[in-house]
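Note that the chains take the letters A, B, C and D in the order they are written out, and that residue 1 is the start of every chain.
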Amino acid sequence: MTLRNGKEFLMIPGPTNVPEEVLRAMHRPAVDIYEGPLLETTGFCLHGLQRLFRTEGKTYIYAANGHGAWDAALCNTLKRGDKVLVLESGRFALGWGEAANVLDLDIEVLPGAWDKGVDPAHLQERLKQDTAHEIKAILVVQVDTASGVWNDIAALRKAIDAASHPALFMVDTIASLGCMPFEMDAWGVDVALTGSQKGLMCPPGLSFVAAGPKADLAHETAELRTNYTDWTFRQGPEHYQKYCGTPPEHLLFAFHKALDLIFEEGLEKTWHRHALLGEATRRAVTVWAEKGAVDFNITDAHARSNSVTVVRFNEGDVAALRTFTKEVCGVTIGGTIGELSGKGIRIAHMGHVNAVMLLGTLSSIELGFQKLGIPHGRGGVQAAMDYLAGAL
Amino acid sequence: MTLRNGKEFLMIPGPTNVPEEVLRAMHRPAVDIYEGPLLETTGFCLHGLQRLFRTEGKTYIYAANGHGAWDAALCNTLKRGDKVLVLESGRFALGWGEAANVLDLDIEVLPGAWDKGVDPAHLQERLKQDTAHEIKAILVVQVDTASGVWNDIAALRKAIDAASHPALFMVDTIASLGCMPFEMDAWGVDVALTGSQKGLMCPPGLSFVAAGPKADLAHETAELRTNYTDWTFRQGPEHYQKYCGTPPEHLLFAFHKALDLIFEEGLEKTWHRHALLGEATRRAVTVWAEKGAVDFNITDAHARSNSVTVVRFNEGDVAALRTFTKEVCGVTIGGTIGELSGKGIRIAHMGHVNAVMLLGTLSSIELGFQKLGIPHGRGGVQAAMDYLAGAL
Amino acid sequence: MTLRNGKEFLMIPGPTNVPEEVLRAMHRPAVDIYEGPLLETTGFCLHGLQRLFRTEGKTYIYAANGHGAWDAALCNTLKRGDKVLVLESGRFALGWGEAANVLDLDIEVLPGAWDKGVDPAHLQERLKQDTAHEIKAILVVQVDTASGVWNDIAALRKAIDAASHPALFMVDTIASLGCMPFEMDAWGVDVALTGSQKGLMCPPGLSFVAAGPKADLAHETAELRTNYTDWTFRQGPEHYQKYCGTPPEHLLFAFHKALDLIFEEGLEKTWHRHALLGEATRRAVTVWAEKGAVDFNITDAHARSNSVTVVRFNEGDVAALRTFTKEVCGVTIGGTIGELSGKGIRIAHMGHVNAVMLLGTLSSIELGFQKLGIPHGRGGVQAAMDYLAGAL
Amino acid sequence: MTLRNGKEFLMIPGPTNVPEEVLRAMHRPAVDIYEGPLLETTGFCLHGLQRLFRTEGKTYIYAANGHGAWDAALCNTLKRGDKVLVLESGRFALGWGEAANVLDLDIEVLPGAWDKGVDPAHLQERLKQDTAHEIKAILVVQVDTASGVWNDIAALRKAIDAASHPALFMVDTIASLGCMPFEMDAWGVDVALTGSQKGLMCPPGLSFVAAGPKADLAHETAELRTNYTDWTFRQGPEHYQKYCGTPPEHLLFAFHKALDLIFEEGLEKTWHRHALLGEATRRAVTVWAEKGAVDFNITDAHARSNSVTVVRFNEGDVAALRTFTKEVCGVTIGGTIGELSGKGIRIAHMGHVNAVMLLGTLSSIELGFQKLGIPHGRGGVQAAMDYLAGAL
């Protein structure tokens, strides 16, 4: 018997639930690209990105996904053969490193793990060894959706400073921007990038890059430029140059509306909403974990993301649980990927998510545990409610 | 602090959550009304109504709400001054009676209550007294959203038969069709009516009437006809006659799609989904009621609707609770109306509702109880989950 | 070979082209009917109707089509057996009379024709004969889409006044409101009504009635009331009473947006746009008519509507022409109805119509004449352009 | 006075009019990217691209605009320093060459002009001189929207063959695919690319590349690869690899629907529709040109595109004309760009365009000529109709 027919939600770490208003904003005819309201939209979005990234640096909009933004960050700032230090803490920083490798950059991975965040002391130590300053860029993700980790970007910056190292500090905020605090200028991030389809609540297909002064300087001598990603061209006077060609209009209409929604809520309040929903989720998981069958992937409680919680299964049929929540209850939760593939679930609480959605999702999971006989501590949803009753 | 920003939904007893597919079906240009695809749509909808009402009788589509359908049922079958027996069990049958009164019909109310269903024995007794058969029609609602009652239509029919009474048996299924079993022909209902905006998951603005052979016969000598509601005209050969004028095209596109969704799920399965969601809700309410502050409005457990549950508050701030679930959690639950106005809540579980929505809603309510200090038995959501784990 | 694949539009006299913005306004979840933004929408729409009708009288919104509004106007003001004078000038006033007949009103038709407007002198003469003032209401349409006629409502009012006759003056503006000047209060109209789907650019399913002081007075002793149409109930304090039941929310969202568009353009400018498009159409038809095969249905040039032009065919295959414009060119033009059925076309230029649509439509028709060998004066589109070049 | 309020069209050479069905296809929630219906969509789109390009080669979908596809074609097949021959015939092949230059390719331009197509003999001659086969790739556009030229790709291929030259033949079909015949395999094209927003009727944001066997071979030793564009990675087994990251779901939903529409019409019929609309436009322009104030940009009648017609103004206020058609009539026509900037108009007849739209557009332009006193031969629209009457 299925109870699926109703509003289905997508509680996966991207793409996320697109607000009605955002979908509606895309449902309109195309417009002229040389004049008229699209030019205002471009201005609004570029400035809105500065507000999101908390920077006075330059911002760029790409018709591309996050992987496209990875390339854009690298191509615009580095030279062939430059050494790049990749801070491991899951899957995606490594993926960015692989992308760098394709560009003939020299990749070094600072070894990390899937169950914890990058250790600032470890970074500092490695940088101190690099007395010749061969490392030209440091790549890290703020949140890794594969592991569920949150990296402390401010702390990593301090480690770099403590080592007096001049490398560009590049941060992938794809799974965190609009969900957790990010302060590009205050934290000294040189290049930040993100995508449209997670905390920013838009359809996938846009990605964004912000560049600070040190990145601008590096850009002047960059040797990996491609026409499509080139910042210099995109700073040109013509409107189409901002996109190096035809602007992705409908996605821009969507992004404009999503920015409206975020700024209407207030960015700090958006962060706080994610903090409460994230903690409510963790309270439920903590209870469920009592029987030992399931547990947090991230062992360090401090390093758990407010945008996604990764739960490892020591026993129990993961696929059956995901099928149950989706086909019986009407909510899709994420499966784990990469080296955790098949070994757990990913509960996303990022973007357009409110209490009723989260509590319904947690209830569906706990119901699935019961129905499928997966050992779990009873009362996870109750714990989430207890927490929220106190925190709200 | 609000956790509202996400997919909001509407757990009120109409209008209900409109499926994405249904909204999308309306988002299209108008079409010709004299030829082309609209004619097929009309045929599909009229036949689909037969499948919904479970009848081989004639079906009619009105651009009107349910109150318009009330008039249509009366005007097409009765004469000025006819006596009509109204079976009280909440608010809406009385409302139908008031509508009859405006039409100069002679109204008699079979007294009932807001906390139970119509008593078949009581009806039988009254009909037996009417040896002159002055009563020409009996009006009843299958479900009353004001009280949350479900009336046993089959049992009422038996009572009429036991009294060998010839009155037309008219049933308002506005709050039940597509949610709970209804068998127009098998149960001997002469006129049934409903609206688009509850179990049928469409925007409001359409209502539907089905007429069996006895009603057709009565129609021949009806004296309250209006042009707009007249069945005879609507049976004419021209397409526009089916609607007595311009068809409400976009609402028909919506209704066509909603019928597709219902038949795709399977009507019996739709009923079963509502049965499970209704019972899960009742399990939660039963627990919450343990402290005496809140309770079911309907005392007879057998007479509680699967489409809406009305909960009376003996103490606690109803308005604060509804504001909390809406503005903090993102889900709108109904307030009570009529003589219960301000005294409780109405939790709708009708139409496009799945497990994740219901569990999220129940959790939001229980969270509200906690946050606002409204006395309640702890573990209502848990009880709902326990029930579903066993029933699914 | 077909050149159909592109934006198709509908140049029929209702339903008309629905603006993108209006469709988009409907594409949203249902909302609560007891509180929140819907109440503001109701207020805006009721007041907007006053601005459209140019009245300080009361306005009513019906979930119904125009035929429903006919009933509402009659039921709220008249008594059984009252005499009603129907001013013939095509099909629809007669239809309204037939509706009155169903309500047991006593109908008298002031004979007219399909090729001209109602003659004020003729009306005055008839009313003078009615010294006993048996006639209680006079029914007329401002524009009849079947014949294409425009009636001079101000002149008809003067005729009534000249006869010092107290009958209620009721005007159907379904095919004219928002297209041609209408001044309910200034012209002394007692009841005016219209529908959503023509000049008002909305999906069909809503109709509107406005009542002046004399109608209000008549309402007090009206004896044909039905619950659904009753003005007294609809003036009650509860929001749902404005609709006698569940408000047709999505259609109201649409109507709100359509009003926004009209008021943004400016009602007088909307009228002027229709005047120019109407005259451009007539210039084309005048040229086409030179060969005698086609001609205006309305012989009196003064009485041709700015919202629709009816063209009679003395020779030529009407069906083939309509098929050609629709299936080869992508534009649907109306066929004639009623006693003109099959004998001509109806070119609508009402509602959401601009110059490019009209010129494209006229070109498609003239192309059809050429392709199908229907005799016509060459240069109709050229004449339309010549006119517009001078008039703009 | 404006007659703008109605369905507005966009008759510019991209983005073009997006069909209602395509917009509607995007108006839906995001879906999972790892499993479910999106995988079928990907398969359908990749295969549909083969049908559009007429190839059995591999196809790739990029979240990017056409400039992104330029890079993809080059990066996947060439080595740093390779010589590339750019065939000039307007603006866009040169733009592609500039993109190649950014990638450190060695660019040589085969000089051409803005008013004619590439001369095959000229190409053959140059290639024969390249006895060392230093030229590794030849870049050309099938249609250049800046000049309005159509290049004869089959003839250019013959020229290459006649010179027995092994260079890769790369064709940009951004402004022609889905509008004019293109036969990738039959004509021996090695790499073809296009965008979503012109003949393919979708919102901008997607671009597509097809690669034949010779391109696949070159790919093996390509040295300009970037991670985001790399074909090898995109041929990997995981679904996300097809997009190198998150698929641009909503644009894919749109593209799927657009392919449905094209294949439903039939690709050859789509070409034929464009041929008729293109010639009708040219007939009008030919008449308008009689007074010498305006004329075709492309002097060689054989080389005029069926997707866009560029008209140069020798006198007359171009800006005023474009403002008139847009703000008075409701249709946006393109302005000229590049070295023709401000000197003429571009009338697009590509994608979702039917006869009524085109005739309305031509009428609006001719009306503008009249209104603004721009000298022109009278009867351009008439000539277009005369042509279509004979050709249909």
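Everything that follows uses one rule, which is that a residue touches a chain if its C-beta (ideal position, glycine included) is under 8 Å from a C-beta of that chain, and two chains touch if they have at least 3 such contacts.
Values in this document were obtained by computation on a predicted structure and should not be read as measured data.
> Quick one: which chain's Cα centre is the longest way from chain B's?
D
> Averaged over CA atoms, how far is the centre of chain B from the centre of chain D? Could you give it in whole Å?
55
> If you average the Cα atoms of chain C and of chain D to get two centres, how far apart are those centres in Å?
So the centroids are 45 Å from each other.
> Could you tell me the distance, in whole angstrom, between the mean C-alpha positions of chain B and chain C?
A distance of 35 Å separates the two centres.
> Of all residues in chain B, which are in touch with two or more distinct other chains?
8-9, 17, 20, 24, 27-29 - these are the residues of chain B that touch more than one other chain.
> With chains as vertices and touches as edges, which is it: line, ring, star, complete or other?
complete
> Please name which positions on chain A make contact with chain C in the complex.
It comes out as residues 20, 24, 27-29.
> Taking the complex as given, what residues does chain D use to touch chain C?
Chain D residues touching chain C: 1-9, 17, 19-20, 27, 261, 265, 269-270, 272-273, 276-277, 325, 328-331, 352-364, 366-367, 370-371, 378-379, 381-382, 385-386, 388-389, 391-392.
> In the complex, go through chain A and note every residue touching chain D.
Where chain A meets chain D, its residues are 8, 10, 12, 14-18, 23-24, 26-34, 62-68, 70-71, 75, 98-100, 102-103, 195, 197, 203-206, 225-228, 230, 243-251, 332, 335, 337.
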